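Below, subunit A partners subunit B and then partners subunit C, in two separate complexes.
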Partner chain A sequence: MKFLIDRLAFRDALQRVEMAIDRKPTRPVLGGILIEANNDSVVLMASDLDMAVRYRLGQVQVDQPGWAIVPGRELVDIVKDVESETVTLTLTSKGLCQVDAGEDQCSLVTMESSAQGFETPESFPTVPQFEDGEKGLVLSKTDFMLMVGATRFCTSKVKDTRFVTEGVLLETLGNQVTMVGTDGRRLSCIRRTAESVPEKDLHSVLMPRVLDQVMRYGQDEEGESLEMRFLGNLVGFRIGNLESFGRVLEGEFPSYEAVIPKGGKHVVRAHRDSFSQKLRLASHLTSDSAAVVKVSIKPNMLEIASEHEGRGRATASFEVDYVGDGILASFNPVFLLDGLKASHSEQIELQMEESSRPVKFVLGDDFEYVVMPLSMTS
Partner chain B sequence: MRTRSIFHADLDAFFVSVERVLDPRLCGRPVVVGGPADGRGVVAAASYEARAFGVCSAMPMAQAMRRCPGLLRVSGSHSMYGRASRAVFDVLGQYTPILEKVSIDEAYLDLTGTGLLFGGAIDVADRMRREVRERLRLDLTIGVSQNRLVSKVASAFAKPYGLFDVALGQEATFLAPLDVRALPGIGPVTAHRLKDWNIEKLGALADTASWFLRETFGDHGPALQSRARGEDDTPVCPPWERNESKSIGHEETFATDVDDHAFLRAKLSALLSKAARRLRKKGLLARKVSVKLRYADFVTETRDCTLREPSDLDGDFLDPMQELLHHMASRRTLVRLLGVRLTGLVRGFRQTSLFDAEQDFKTESRSAIVSAMDDIRDKYGASVVQSGEAAWLSNSR
Partner chain C sequence: MTIRRLDPIVMDQIAAGEVVERPASVVKELVENAIDAGATRIEILLREGGCRRIEVRDNGSGIPADELPLAVASHATSKLRKPSDLEAIASLGFRGEALASIASVSRFEMTSCLQDSQEAYRLRVLFGRPEDVVEVAGAPGTRIVVDDLFAELPARQKFLKRASAEYARCSAWVERLALAHVGVGFRLEHDEKLRLEILPESPLRERCAKVFGQGLSERMIELERSDPMLQIQGLVGPPESARRDATRVHLFLNGRWVRDARLLRAVREGVREFVPLGHYPTLYLAMALPPDRVDVNVHPQKTEVRFRDERLVFGSVVNTLRRGLSQSSWATRRVGEIGSSSVQEGKTPSFGDSSPSRGFPAPNTFGGAPSVPVSQATPQFDLQVHPADVGKGKVLSIGKTFLVRQVDGGMEIIDQHALHERVNLEELRRDLQNTGVAVQPLLVPALVDLSRQELELLLSRSETFQRLGVEMEAFGETTLAIRAVPARLQRLVPEQLVQDLLEIALDHRKATPDQIQEEALFRMACRGAVMAGDDLGEEALRDLLARGADLPQDRTCAHGRPVRVFLSMEDLERAFYRR
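And then the complex of A and B:
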């Protein structure tokens, strides 16, 4: 194996597979990157069994095909730090992978390698292929990014005993795709139309880590759409040259539809930026361990009050579009701010039934965010 | 700095004195308060007659009985002591609102600036002692000085039924001849290390070069020295400035060491139910739970876990605690003590959950059940309503 490659392109490619390198590998290969060089392209792969990434680099000058599994972390760091415009990777007869970068030279011990043949490396976990012909779920890239951005922040950081809420639920019904994220205290739900859908309706909980990876690197990939394939217990994402795979989380996702209010007595229209600015102001005077703001809605006015015992209190108010009776409810300001930050439109709508019931925010087209209030203990 | 007038009031042999008020036959005889000699009873308080035989607090009861033939033991009733203590502090509270209760039988009082109202410090202190003796038949010792530290040492010095005033500027002179152990903050270890350097009296400690103490005791050294000179400016903290309690806990040393996991689990549940009830009484929620385990060889292990949401319901605490206990009780050694503690206390608000509403067992209804149980316990006693495990425990006894 020997090829010459543009260093920056190689570095970017390595960064894309880096997230799938196991930091504490139980088997050495899980901490490695598989490099396959053939004809005029190089394919990089990494897998930690939960998540896998394949990245194809075209237009590479391959002098000698072959493959090698090299220590992942080290290769990424080396290519980041060398300064030359191009690097050459060569597999030596002693099984070392030599990295030549201008005047600098490093050689990495390979875990397994082959100088000629294309027989697949046995020890490396299988990374599935996107086979042509099958019908996957195709979404516009922009929509996909919007949907993940609208739901990912809501997912639970800790394991719930009853439900699997660490991931984002993906559901299709006909052409309509729904994504839902929740941590049991708030929930966000967004719907978009797919460009094409598989024959069978989907209902899967996607692993957050792979979504983060696709969000981070998918943006720069060529192509306007993203394809998703469900392969057994894996879900694969393909944008341009990037293919990412993640485990589908097992377990029951809570029935989200039941908890989204269908409307409310009190409907308030407010400007997103004033709302978040006032919220931030009030949240300066809340305690870290138990942040509370009291939101009180009056005709044409929304007031946010907070108090930090022993520090002081704050009241902030701004004009809103509301007619009706006054209502008061308490919330964790972080939950409200998170939602406003994710909002797609400048004007938001807030719907409320009563102060002990969930409040629903409409934050854009087909984008709803539900927050449970805090209740006063007796 | 303005001259302060700080009192340290300490009740003499408090538990015993209260018992003597209730039963005058105990007067003039060696008496201790504490658990029975079989099992693990320890001396909670000893009368001065008993102390003459070398009986002291925290001594195993069996040993106390051996040391002092004819020793009388009273089981003691804490609620009674609490009432007596409140009565004493009510008397003292008439002189100043700045009263910091540090234990059931001790308090610091700040009488700075009351000279015109009540007269000299000595007179006030003497009036306090007489008033407590006449009205409650309890003996009170008071140490007076211009700071907490010296007053505390003075009251220990003046016991029993004494009164000692350390005049302004005489603090170092007063402390100098005393043994280093007399200073609060010097325990057996520090005292031993000081003795290695031939420092046995506070005067010697006060005169030692400060660089030497810094070398030997680190940053703690110079502080130790300034205390030995009687310097202290800690204010007396009145009740309204006191922070709210930071944790609520219960622990129990078993009568005999155990290795029975079912017993430990049940005990955990019983201890937790006590702690959670106190938490609810105070209207607080706890975010963190911890479990403490002490083995027969005194190896102590503590583990904690943070809940997703603060709560005050036994049910929310029990599962994580059982989980902690399950991971802890792993040594093949008998267990001596089990304790539970609720920390990260916050007041006021509970985050409601989206999916509880779907469940049959909502937080609200659980809360209602628990508060109904608390009402029943308030009326008929704590053991009337128990969790299954705790009930099993009291039945199997």
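And then the complex of A and C:
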């Protein structure tokens, strides 16, 4: 194996697969990156068994095809730190992977390679392929990013895979795609139309790590759309040259439709930024991050009150569009701020039936956010 | 084989087993008799751990010659007269078994002389067979010699341990009795070596010094509770003197050393926030309550007791310990004073000597006004004396577990989980007392499958849990639905919460609702806390430290592990051999 490659392109590609390198590998090979050099392209792969990434680099000058599994973290760091414009990787007959970068030279011990006479990498986990011809779910990249951004923030933060709410639910009904995130205390739901859908409707919970990876690097990839494939208990994402795979979370996702209120007696229209600003002001005088603010809605006025025992109290109010009786409810300000931050539109709508029922915020086109108000004991 | 009535001597020897197990029980019985006889000086001389000889001399009232034979007869006592006396026992002994039992299993010799008399009389009993009383020379008081304990009973002798082990038990009893009876002098000799000497006039703390060691005794703090129904007086040692076993716990009830499993539990409960979980403190605790409120006649050894009003007693023990400890320097937050090298009892920190990096100015100290103790300043709604010193100083996170920062006079290392746990606990408690707990109802109830018994057990406690903000109800026969959780604990997972609450309910089946509530609080505080290894952002860090600064007690986490370790400049200089 020998190829010459543009350093920056190689660096970026390595960063994309880096997320799937096992940080504390149980087997050494899980901490490695598999490099495959074909006739005019190089493919990088990594997998920690929970998540796998494949990245294809075209227009590479391949002098000699071949493959090698090299220590992942080291290769990423080396390519990040050398300064030359191009890098040459050569697999020596002794099974060393030599990195030539201008005046600098490194050689890495491979874990397995074509130089040792192996046909294919045996110990490396299989990274699935996007088969041609099959029909996947295709979304515009912008829509996908919006949907993940609108749901990911309210998934459960407890890192325990037993809980399916750690992930984001993805459902299709015809060509309508729905994503839902919830931590049991709040829920966010967004709908978009797919460019194309598989024959069977989907219902899967996506692993947050893969979503985060796609969100981080998908934007820079070429192409306007993203394709998803469901392969058994795996889900694959393809944007441009990037293919990411992750497990689908098992378990019963809460039935979100029953949770989202259909509407409410009290409908308030408010400016997102004023709402956020007043909330932030009031939350300076709550005792901690799990604090309480009291939101009171009056005709054309929304008032937010808070109190920190031992520090003081605050009241902030601003003008809103509301006609009707006054109503008061307590909230965790963090939940409200999170929603407002994720909002797609500058004007938001708040719908409320009574102070002990879930409150719905409309934060954009087909984007709803539901928060359960707090109550007090005794 | 024919059935025959036992020889009375054999009967006595069998009965003796209940009272006289080993030399230590003989020592205990004889010394208690001496105390009941009003002695102010008691000498105990042992040989070979008491197996060879136990001699107890006192300067008590003495026994008249004609009563000597009766004293060694079973169920003969001067301490009870009529059945109703049993209801209110004020003396240490009362069963009338001890002397008879001891005399039946040893070579026993008792010499006694009345206080104002010139003649002493002696009675010898050889393994239950009394000889005649003879007149001898002797000083006022009683002297009892017990030789060759169990010599004629090989079966019992087999159970005796090495002389050193038997001696250790004997001396433990002497120590207990010496702690319990201030005003009585004790002198203990073993194999002709003086082991313990306590003068009659020696005060309690001096006695503690002899028993626990001088340094420890000086650092023990006083506990007190006065109530006509139950008086408590005590001394408790610092958290680092706590032990896994209860050997340093000395509980006294009306002058009697007791070892009651439930009382010990109350002790553990009272100190649980100050010493590591499962540890017992170094403790002297004397309780006095009217004799008719307690039954000591539960067990021949009288170390177990029954209370008429258990709740009052246990509750008072817990509260006395808690109150005493929470006012101690081990609990009060003192920047610059936490830690071993710079503990200064009784010194109150003032804002005048605090670092300039404090977040709030302290105008009340400018005019030389009296300083305000931090522990009193916190609960008030007063911005000016707020001691938050989460200032501009840098906080360094080490291994996502510890936080290090500079404080006045040195540096402080904080365990992030322990601090968060403590913060949660205090805030939950405060909420409970004041406004009530903020409850976060769940959008969709969390369903947890349980066995029928588990479900019933949890539901039987549901009212208590509800006060904490956990709302649950049955959902079918074997499923529990959690409808709401405390809003404060955002990291709490309902499914995990159910497991925790179930464990608590199982472990404390007979506990009162208050105890269950307390247990649940502890658990929730821990579960809701950040873990070691959790990455805290700058803001979360600052928030946590600010919340920590608001606490009345933040030295230990809810399990008694330390929250903060303070290294003074002196400590650091010493570490680098600059001192």
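What to note about this one:
Going forward, the second predicted complex is superposed on the first by the 366 of 378 C-alpha atoms of A that agree within 3 Å, B and C clash if a C-alpha of one lies under 4 Å from a C-alpha of the other, contacts with A are read in each partner's own complex, and residues count from 1 in each chain.
Keep this in mind: a residue touches a chain if its C-beta (ideal position, glycine included) is under 8 Å from a C-beta of that chain, and two chains touch if they have at least 3 such contacts.
From a predicted model like this one, the values you see are computed outputs, not experimental measurements.
After superposition on subunit A, the partners subunit B and subunit C collide with one another. Of the two partner chains, subunit C is the only one that A:R311 touches; subunit B does not reach it.
When the shared chain is aligned, no partner comes close enough to touch A:M301: not subunit B, not subunit C. Of the two partner chains placed by superposition, subunit B and subunit C are both touched by A:R186.
Once the two complexes are laid over each other on the shared chain, residue contacts for A:V370 go to subunit B and to subunit C alike. Applying the stated contact rule after C-alpha superposition, one finds that A:P254 touches each of subunit B and subunit C. Remark: of the candidate stretches 3-11, 75-83, 129-137 or 165-173 in subunit B, the one overlapping subunit C after superposition on chain A is 75-83.
With the contact threshold set out at the top, residues 158, 162-163, 182, 184-187, 254-255, 258-259, 287, 289-290, 292, 309, 330, 332, 356, 358, 370, 372-378 of subunit A are in contact with subunit B in one structure and with subunit C in the other.
Across the interface of their complex, subunit A is touched by residues 283, 285, 287, 308-310, 312, 344, 346-355, 357-358, 364, 371 of subunit B. Per the touch definition, subunit A reaches subunit B in the complex via residues 158, 162-163, 182, 184-187, 254-255, 258-259, 287, 289-290, 292, 309, 330, 332, 356, 358, 370, 372-378. Those residues of subunit C whose C-beta lies close enough to touch subunit A in the complex are 378-383, 386, 423, 427, 430, 434-444, 446, 466-469, 484, 487-491, 493-495, 540, 543, 547, 550. Residue ranges of subunit A in contact with subunit C, taken from their complex: 156-158, 160, 162-163, 182, 184-187, 254-255, 258-259, 287-290, 292, 309-312, 330, 332, 356, 358, 370, 372-378.
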